[in-house]
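Two complexes are shown next, each including chain A; its partner changes from chain B in the first to chain C in the second.
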Partner chain A sequence: MSGLSKSLTRSALRPVLIGVGSLILFFIFLEFAVRFGLINQFAVAPPSDIVKAFPRLFAEEHVGDRFLDTAFEAVIASVFVALFGISAGVLLYKVRILRLATETWVAAFAAAPTVLLYPLFLVIFGRNATTIIMMGFVAGLAPVTLKTLEGLSTTRRVLVNVGRSFNLTEWQLFWKILFPSALPTIFVGVRLGLVFALINIVGVEFLINFGGLGALINELSERFDLAGTYAAICFVILVSVMVFMTTERAERWLTSAG
Partner chain B sequence: MSIAPARDPVVPAEAAQPPLLVVDDIVMRFETPEGSVTAVEHVSFDVKQGEFLAVIGPSGCGKSTLFNIIGGLLDGYQGRVAVGGKRIIGPHRSIGMVFQEESTFPWRTVIDNVAFPLEVAGMTKAERIERARHFVRLVGLDGFERRYPAELSGGMRQRVSMARTLASEPKIMLMDEPFGALDEQTRLLLGDKVIQIQQELNQTTLLITHNITEAVQLADRVLVMTYRPGRVKRFVAIDLPRPRNSEIVGSDTFGHYVAQIWSDLREEASRGMIADESRSRGRGRAE
Partner chain C sequence: MADVGRLKNPSLIGPLLNPVMRLRIVIIVAVVALWEIVAVSGWLFRDVVPSWQRIIASLAATLSQGDFYFHLWATVYEIAVGLAVGGTCGLAVGILLGGNRLLSQSFESFLYYLGPTPKIIFFPVMIMWFGIGPGSKMAMGAISCFFPIALSVAAGMREIDRVLIRVGRSFRLSTGQMVTKIYLPAMRAPILNGVRLGLGVALIGTLLAETKLSNRGVGFLIIQSYNTFDMPLMYSLLIVLFALAIGLNSIIGWFAESDRMRR
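For the complex of A and B:
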């Protein structure tokens, strides 16, 4: 017995087991709570029904295609977020007056619920994928810009001095020292931006009932398919977790490989 | 007491040779909210090709400021820095710097750190790796080429910085307390390494330090600076035989030099402490 617990302590599996275990316990509790009427069954579907609804999502609702729609929008938005966010961060770093003038705004913008802007985007771009991509882009931009700026301006002075002592040009100083030194921080920003963009993309899909997973949730809920709705929500959560874990891996790989 | 004037040659045969580095009447003031601080005041000295000069002084006496001025990283000073008879302004390729703080690039391996100046100079990959390997070996880090700085000890990282600066093959090495953060034993052993390399390359070297043992162990000549404002207090020629190694630290002559420099420094250090104390008292009263 003690041998078993010792080997469990050592294994990296233990935290995972505890996490999954408490999740299962929660679902069991939910199942009983709904079945015995503690929670209104028209508000929450029992977990067993949600699980049963999953095959239906694939067979009838083409959740795979919906996922690809959302993924497509997310990838385009992320590329734009990274491109423009990093460029904006570099610009703010280089142009001092611009930084002093706008840094607070950008920070405020990062905290603002940009999803509320969707009617405006609807008017500008119409009810289509462009609106969704732009909404994702807008949501992800600020954290990337801020983190890029932070990474560049917290580069250790002595590293810059090393570059200067080797007579580097401004261009070399940026690409050989400032940027690589800021890269881990920039990557944190890109991850945040990606998550923000994804949240907004699914949210706007839901709101304007167009495109991928968000629209699917909207349709299912309007059909009062409670189990299906929750199954779709679970699917979105799973996707987010996967994205989060993948970027975490990528970050670790990037920072360790230099 | 051997008070060497600035032009006293270490090797008489080289007396005719013009100095490689001339530091002429440097004055540096910093404007701070509390007024102007004079960090360096009228400092002048010459360094000959192949000479090892140690600059020693109490903390805050302007050593790093002087180092940054010679290296061209600071401007707004009065006076003149010349290499080989020509005035230099800004960073210059004939001067290589090793900094007081940890300064390896954490995103580059040891070999890529050392190859950095060669890469910037546009050398091909194969060529620069080959050159860098030589300098990695010189500082005794062979076998660690593929490691990242985070995987090395503090002393090893300082050796990487040193190899990186050596790889750019500067005429003059400036080192600002490169071993300041290390323990005494490591410092002595790295000192041996520095001497060995300096002798091997006949490298003109300026070592800034506040460690008397280190100064006497390594240098041909020691410049003792006064407490703020940093002025030249004295030059001490170290007439110890070469090749030297850290074993010399136990000898009588060595002790004599240390005692001599310490008596100079003690004066300055206590002056500094009194100045600091009265300043903080003054501030305490004001608040």
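For the complex of A and C:
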């Protein structure tokens, strides 16, 4: 039994070791390639310089505050996305003709390149946090609406019939049966909405050079601070991966609980 | 009886009398009317919401200018090269990851978690590598479409019927022959799906890069119209852009659908 568990652990660890080991080898190769002039040092910063730039990002560029700015915008956008997206999904579920008339439009809107509307939002709201939040909101709205509609529509008939046999009112039926049953699917939509909103928020911050982490990358690149730019990009990737992993875990937990 | 049934069934009545279609027309008319009211009301700064008449006039003027087609061609060319480079790399990486369990377990999670990061943040790096010309925009398109295509192809590789692979091996096909005769024909649907997703994000990546730093392309025209506050032109360009995105997406969707029908 112990031998089996050991071999299982070894077989599970092997891919992780290969993946992480390859990444480390790649960085070592990059370090030497840049140091020995095989790769242009004005195009790629040596990985050791990037690591050294991290403390500078915290001390001089206040990356913690920048992160909080971006997080604040993402939270506000997500709250709006959840409120309006879930409400729109419920409305489409309740009013069947509205659903038939507009569901394909909402799906097309979900696939549309809405981030390209940012110059329009700049004109309407100005170069400020409202534009960034609204861009995040627009990106996340359609997935939440569609997933809410899907969750409510796929509620098992037997659950609804049980509710009706207890003579529940429409209001009680919604809150006691439909909404709890649809919650895991709604959360999938909220997670997608949050990820889309975050992508748009960081992207628009970079493009209009305003706000948190996206603007920091833009400022560092405009100062030709190569190591700092790479370090800031790595920081954004880390934040993005952590948000994605956390929401994915939460989704799995909620789906298994449901 | 049959006539009564036909009148009662909305799907058999003419499409314009269908209640769903009527509601759609009402919504469109309401949006256009609301737009016009906002345009003439003076509630917003002048020209922020121009009238439809001015937007359509600007659209007609834009489409009749040769200069616009130079910029449109620049954008289409950048997207096409980006999609070709990113798509080819994505296809190769997807086949490698999908065909080898160890490689997939070791590296696919990197692609999976890097996929949802905002790609535009790589633009400063692309400028350093490929300059401020079309090369950096093509690179943005390539980076953007690489991830969805690689992940879609890797998933598609794992779905290939094992019998087909065994048939290829029993005929002692080389790796190249396996790819062209077995893997690619068997993965048409996931490849087309990946290209469809990849095209959408390549378009976004290229155009955002054009709005940030460029002297050609539709993205450049949009940000120029913003800088000169030519709002009717900006709206007309956004209409063209969304039509382009929907049109390209529909073409690939049509290919995917006709391929599905053929099988």
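Just so we're on the same page, the second predicted complex is superposed on the first by the 210 of 258 C-alpha atoms of A that agree within 3 Å, B and C clash if a C-alpha of one lies under 4 Å from a C-alpha of the other, contacts with A are read in each partner's own complex, and residues count from 1 in each chain.
Everything below uses one rule, namely that a contact is a pair of C-beta atoms (placed from the backbone, for glycine too) under 8 Å apart; a residue touches a chain by one contact, two chains touch by 3 or more.
Only a predicted model underlies this, so the values are computations on that prediction, with no experimental measurement involved.
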Once the structures are superposed on A, label A:K176 by its partner contacts, choosing first (chain B), second (chain C), both or neither.
first
Between chain B (first) and chain C (second), which, if any, makes contact with A:S22: first, second, both or neither?
second
Using the superposition on chain A described above, determine whether A:V162 touches chain B (first), chain C (second), both, or neither.
first
For chain A, which side has the bigger count of touched residues, chain B or chain C?
C
State the interface residues of chain C toward chain A in the complex, per the touch definition above.
19-21, 23-24, 27, 44, 48, 102, 105-107, 109-110, 113-114, 116-118, 120-125, 127-129, 200, 203-204, 207-208, 211-212, 219, 222-223, 225-226, 229, 231, 234-235, 238, 241-242, 245-246, 249
Interface residues, chain A side, partner chain C - complex:
14-16, 18-19, 22-23, 42-44, 97-98, 100-102, 108, 111-113, 115-120, 122-124, 195, 198-200, 202-203, 206-207, 214, 217-218, 220-221, 226, 229-230, 233, 236-237, 240-241, 244-245
Listed in rising order, chain B residues that touch chain A in their complex are 71-73, 91-93, 95-97, 99-103, 105-109, 112, 116-117, 119-120, 148, 161, 164, 168
Residues of chain A touching chain B in their complex?
156, 158-159, 161-162, 164-168, 172, 176-177, 180-181, 183, 256, 258
